[in-house]
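Down below are the structures I want you to see.
You will see two complexes here that share subunit A, one where it goes with subunit B and one where it goes with subunit C.
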Partner chain A sequence: MGAAQLPSTEFEDTDVGGALIEGIAPVDNLVQLLGPDGKLRHDEKFSPYLARLTPEKLRSFYSDMATVRRFDQEATALQRQGELALWVPLTGQEAAQIGSGQATEPQDYIFPTYREHGVALTRGVDLSQLLKLFRGISNAGWNPKDTNFHLYSLVLAVQTLHAVGYAMGIQRDQATDAAMKPAAVVAYFGDGASSEGDVHESMVFAASYQAPVVFFCQNNHWAISVPFEVQSRIPLVNRASGYGFPGIRVDGNDVLAVHAVSQWALDHARSGHGPVLIEAFTYRLGAHTTADDPTKYRLAAEEEKWRAKDPLVRLEKYLRAENLADDAFFSSVKDDGDELAAYVRKTTLAMTVPDIRSSFANVYAQAHPLVAEELAWFENYAASFAETGTGSAAGNETGAP
Partner chain B sequence: MTTMTIAKAINEGLRATLATNPKALIMGEDIGALGGVYRVTEGLKAEFGADRVMDTPLAESGIIGTAIGMALRGYSPICEIQFDGFVFPGFNQITTQLAKIRTRSSGQLSAPVVIRIPYGGGIGSIEHHSESPEALFAHTAGLRIISPSNAHDAYWMIQQAVACPDPVIVFEPKRRYWLKGEVNTASPGLDAFSAQVLRPGTDATVVAYGPLVPVALAAAEAAEQEGHSVEVIDLRSISPIDFDAVTASVEKTGRLIVAHEAPTFGGLGGEIAARISERCFYALEAPALRVGGFHMPYPVARVEEHYLPDIDRILEALDRALAY
Partner chain C sequence: MSALNTFNLPDVGEGLTEAEIVSWKVKLGDVVAINDVLVEIETAKSIVELPSPYAGIVAQLLVDEGQTVDVGTAIIRIGSEADASAAPVGGPVSAHSSEPSAAAAVEGHRPLVGSGPRADAVKRRPRRTSTAVPPSPVPPSPVPPSPVTPLSERATEAPAARVLAKPPVRKAAKDLGINLSDVSPTGLRGEITKKDLLSYQDQRTAEQDGAGTFWQSAPERGPDAAADQRISRIQVKGVRKATAKAMVLSAFSAPHVSIFVDVDASRTMEFVKRLKTSRDFEGIKVSPLLILSKAVIWAAARNPSVNATWTGDEIIVKHFMNLGIAAATPRGLMVPNIKDAQDLSLKELAVALNDLASTARAGKTQPAQMAGGSLTITNIGALGIDTGTPIINPGEVAIVAFGTVKLKPWVLDGEVIPRWITTLGGSFDHRVVDGDLSARFMADVASIMEEPALLLE
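And now, the complex of A and B:
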């Protein structure tokens, strides 16, 4: 395929709502409530949602976004200093994550990808525990049952099916327990994962059974180095109609719009009307991971264009213009962020390397002769080092991975 | 004691599970009104309703993936994969997700999904309908894999699989679905993960599972005519393997032959031979021998009789073992 047939985003106009590829019509239903200039836009369906937001709630959108961005910086620094094997930055996607996460209720259940640090914050997960995965301490630093925030999934799109199955379980629970609070499931995925078969199958299942699930796609435009245009020739949101449920494309850098749209979608799902697809149109301002180098595949000019749409900047403008927050507020948010960063750093450096015996313990729930035999062998092997005084093979040391 | 076919025994086992476990549900392709392509689930939808006996969209990854989600919500899904050769769209969900959820969550989560897969050849079918992929799953830690060979085990092992807190794949010997046998519905006898000596012997041990168990028994019968006493072990569980039972037998007989339909290369027979060689080195009178399929895609139906281990192939191996 020649370059003329496969346009690269760096040469295209990627304005929000604009045509991505010549010949493809722009989406006319992009929901935006707060523009990059910090001024409100009117949307007949979703503007009324703003009226329900207290000043405190609006400020919490900002403080959550700022907090998780500061956390992101600290985690990136920890990786650069050799304390984490890898980090997956979210900078640029704060509004999509905080807006949707804050729209969920405690009884809802969240299936994240591996980048939903902002959603984790809104669910009450101790952010330092996210780093256990990236430090090689644990594949799950948190118990999903505590916050209904599931483990990160690194195999792309698998979690979308788990989300639909979980939602099918909720349907059955509701059928037998009328007193149960209506609940929904949010399945996060990205534009890259949208090409996976599991996303297709999950949408087929969700539609067939009218499962209470919200598919929340953060279209951050880049699947590592491959631009969105390679994943889809049409706006992703248009796929929803093919499955037979509503799809909404929202300005993913506008926390007010994301929150409103997510609330609508979650209500829709909880009240038995079936699934919804939300495409949050956003941008990954940083690298895919700390092992990635975006300078090899995209222009700085494109990043600059998206920096001008920064979700934090526009909300700050709005809060200041409306006298909803002052210097003292922004200063305290910054201080809180620094405090969290210090806590995360301290907690990370103090993380203890687990004993490999714990790995033997969790392969099966029920006793398993092969695992028992291999553990017994390992115990003997480890003990043989202790006898000769040459140290332990079992580990249990602290320090960097 | 009642006499029933293996297919009916599984059907009754599923019925008993659905009746006693309100969280159990069955899902798969064509399992509702049709009762499955082998009629194993016949009548269950009418009895328990479409929410508990669920015809799914035609998507194996979707079946396993949504079953995992339902299990996380507290349900006990029993998935039917229509044929062995069609499990692979679900392979990713089974191996990267289902098998690992307990380990990945440090023991906090579990997904006790049961997956039923009719497997094996000998039915004269077209391609992708006669395969034995059990070794691909046995290599994956976190899964348990069992295969009943008779009606009694079929009735109980499906219920034991659902009761097990770990994910279990039940490989059902499809060419034996219509094999009748006595079922004691009052008592299972063994747990699902123990091997069973079906016929005692002193000269050699033949280990088989699933569809080859009747073949192994017939071979032992034929060997007896020639004056050889062959012990036959029905492995029943492929992961874990009851090595203690095999060890006890080989310590006595000194010879081991493992038979399965799956290709010998990389198959369970190699694993059993290696472990038993290590455990029973001084008792062995001959190297452990394997009888299995060839290193080729499952052949066309008109020649499958030459691919499938039969009585003579087992007897040929027995002769070789006895010649040492």
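And now, the complex of A and C:
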């Protein structure tokens, strides 16, 4: 099935493509189930997925999106207060992350970028643990084996290769263990990473081996300061047909559509039909990171256009209109968010620098003579400071990550 | 003892070292909650609002709006509401006296960024603590923050000895080939700002930059500029006036005779090269000018009349050498001299030349340093010029022009080979120094340049 065979929406480009950039082909295959007005749209292929959603599930979409946005605000504040070296905000991309994350099954395996805080939430990762990396005290704060949510990759696009390799591993495991649950891998990346060679290589291998991997691209329109039209002359999703697997472009601010499309793609991958590319058409409302200032390269008017498509606002409209949620629900979501923020703040401020010996301990699974030698050298070195030290103010030789 | 919490300016953007306080969003006595916006700052990267890390009452604002402070500087103190009435409000606070209590209030917790060493600190992490206090218990910055010191007071505190400039400014100066000590600083702490550097550079290049439009019009100067736009008038004053007077006095009272000699200075160049690598001369700038200076002193002793003054009725021959070196300085041409240069060893002379040059370049040459000269060298070779007819410094009777030293074809033992060649020019007051004497003097100087080992005799 190629991109052209996928159902198109009956809506005008302008409904979702208001900020579409000139020079890029119009969005003609964009899947949308919930418009910015909070009203449902019909989609022949994906509307049926809505019928499977319970009111609890719909509310959980909202509470997850609100929770992670509140978390994002707290982490940004912690960075501004000098408690984090850096933070990578996700505001604006909640639907793309919660919708896709909630579509995954526990046995699926996720390879995130460094911005997938919403996906982390859906996988059950303690969000405060994400901050260990950004506080500079750990390469990660969580054990990927617990949640099948891999470590954040700061090297652009590298995780797409890991994801395909992992997916090929799943294929081999399944070949020897018929009882194994069907599983797929999700490789998250962005429009900027799509220009990296690693993405090309991973897609070539995924197609060649029909690996069970879903490439989930959040096209947030800005690769730091480089606009999307510089990254690609064609809609990103069109690239899938070049590799020979299906591509779907979805309204990335529509959590219902993202969830439906992701479910379809994961089923496709798990059932042995090979990879899928999803391009979630969304927008980064904030800065690339806390070290970035978007006002230097884009206009406020563009941001305003996208604010009108806010994923939380449109779902709230829908939930209220359908009497699926009331004021009490929304206020409890807000309270829960504040509670989480307070917990995250408290946990972060209490984070201790780990003993550097733990770094030596995790190089190999078993004891290794070279590592032991290096640890001995280091301890000797550290001790040499202690002899001359006043011991008052300084030095975290034993603690530096 | 109070429960004041101090908020130090954090690095909000990966490697920033300073920020400007643009505007305070709170005032003394305001009650703030965690994450309430306290202040807007502007960094090299962006304008950023800082949310409060503490809940309480604003007790002190430590930095004025418009001021730029380093990352790590305490900018605000926030007291708990209970202590707010007892907390000192407003006014300068000694960073030293309040720092310990502030530290005590946040014991066991320091922000990750903003409490660390300055980005340009070269201080080694000297020791370790018995307990690893998370996350970054590093020594306080060596300069105690004193953001409430009045500006005037701060200006007088600026250390005069060392040129202050931030690393990017130093890098830019290096790239532009500008000696930072030539630039007038306007920074708050007496440091040279990027702006200072650029305005110096603008001034330096203004003339070259103006070349393209020079013929089109002259800049307006004075009330009568309208009468003729095609000329520009420059007031004659200061050093320019003094130079003009001295040159006229010299040129039209002393009958000049100029002679030239080409010299194979290859051995001088070898000697300079050896000196540069010698341990004795480590850290001392050595150039061929050093050898020429030594040669001139040596040759003057053999031909004493060149080291003299004409008074009209007598010739005063000096048994000392106050060796003048003509120097282009920011203030104009200056001829400071090295007193009693005849007593200096080669190394001492090298140091003296360096000092003289750096003082002159900095525009700090004192009148006493220019008085009492006995013979002058003008190093026109430094500007790539082969030779010239220098005008004698008034009160003296000889001047030596040192041309550029470059590889040229030279005939040695009947073969043309590349050698390091220079041209020495000399102007002499014919009232004192006759042709044969000037020739002998120049030949002696040349002989040393050809074979510096003769200095040992």
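Going forward, the second predicted complex is superposed on the first by the 348 of 401 C-alpha atoms of A that agree within 3 Å, B and C clash if a C-alpha of one lies under 4 Å from a C-alpha of the other, contacts with A are read in each partner's own complex, and residues count from 1 in each chain.
Here, contacts are C-beta pairs under 8 Å (C-beta built on N, C-alpha and C of every residue); 3 or more make two chains touch, one makes a residue touch a chain.
What you see is a predicted model; the values in this text were computed from it and never measured.
K.L.:
According to the stated criteria, A:Ile137 is in contact with first (subunit B), second (subunit C), both, or neither; which is it?
P.N.:
second
K.L.:
First (subunit B), second (subunit C), both or neither: which does A:Gln79 touch?
P.N.:
Touch status of A:Gln79: second partner only.
K.L.:
After the superposition on A, what does A:Asp293 contact: first (subunit B), second (subunit C), both or neither?
P.N.:
Only subunit C; A:Asp293 stays clear of subunit B.
K.L.:
Applying the touch criterion given at the start, work out whether A:Ala382 contacts subunit B, subunit C, both or neither, answering first, second, both or neither.
P.N.:
The answer is second: A:Ala382 touches subunit C but not subunit B.
K.L.:
Figure out whether A:Gly169 sits in contact with subunit B (first) or subunit C (second), or with both, or with neither.
P.N.:
first
K.L.:
Thinking of the overlay built on chain A, is A:Arg345 touched by subunit B (first), by subunit C (second), by both, or by neither?
P.N.:
second
K.L.:
Does subunit B (first) or subunit C (second) touch A:Gly197, or do both, or does neither?
P.N.:
It touches subunit B, and subunit C stays clear.
K.L.:
Thinking of the overlay built on chain A, is A:Val353 touched by subunit B (first), by subunit C (second), by both, or by neither?
P.N.:
Only subunit C is touched by A:Val353; subunit B is not.
K.L.:
Jot down the residues of subunit A that show up as touching in both complexes, subunit B in one and subunit C in the other.
P.N.:
Looking at subunit A, the two contact sets are disjoint.
K.L.:
Applying the document's contact rule, which stretches of subunit C touch subunit A when the two form their complex?
P.N.:
Against subunit A, subunit C makes touches at 7-8, 10-14, 34-35, 45-53, 109, 111-115, 125-130, 132-140.
K.L.:
In their shared complex, at which residues does subunit A touch subunit C?
P.N.:
Residues 73-74, 77, 79-86, 135-137, 287, 289-293, 295-296, 345, 349, 351-353, 355, 382, 385-386, 388-399 of subunit A touch subunit C in their complex.
K.L.:
Give the list of subunit A residues in touch with subunit B in this complex.
P.N.:
My answer: residues 138-140, 143-145, 150-151, 155, 158, 160-170, 172-173, 175, 197-198, 201-202, 204-205, 208, 358-359, 361-366, 368-371.
K.L.:
Can you list the residues on subunit B that touch subunit A in the complex?
P.N.:
25, 51, 56-57, 59, 61-62, 64-75, 77, 89, 92-93, 96-97, 102-110, 112, 141-142, 144, 164-166, 239-244
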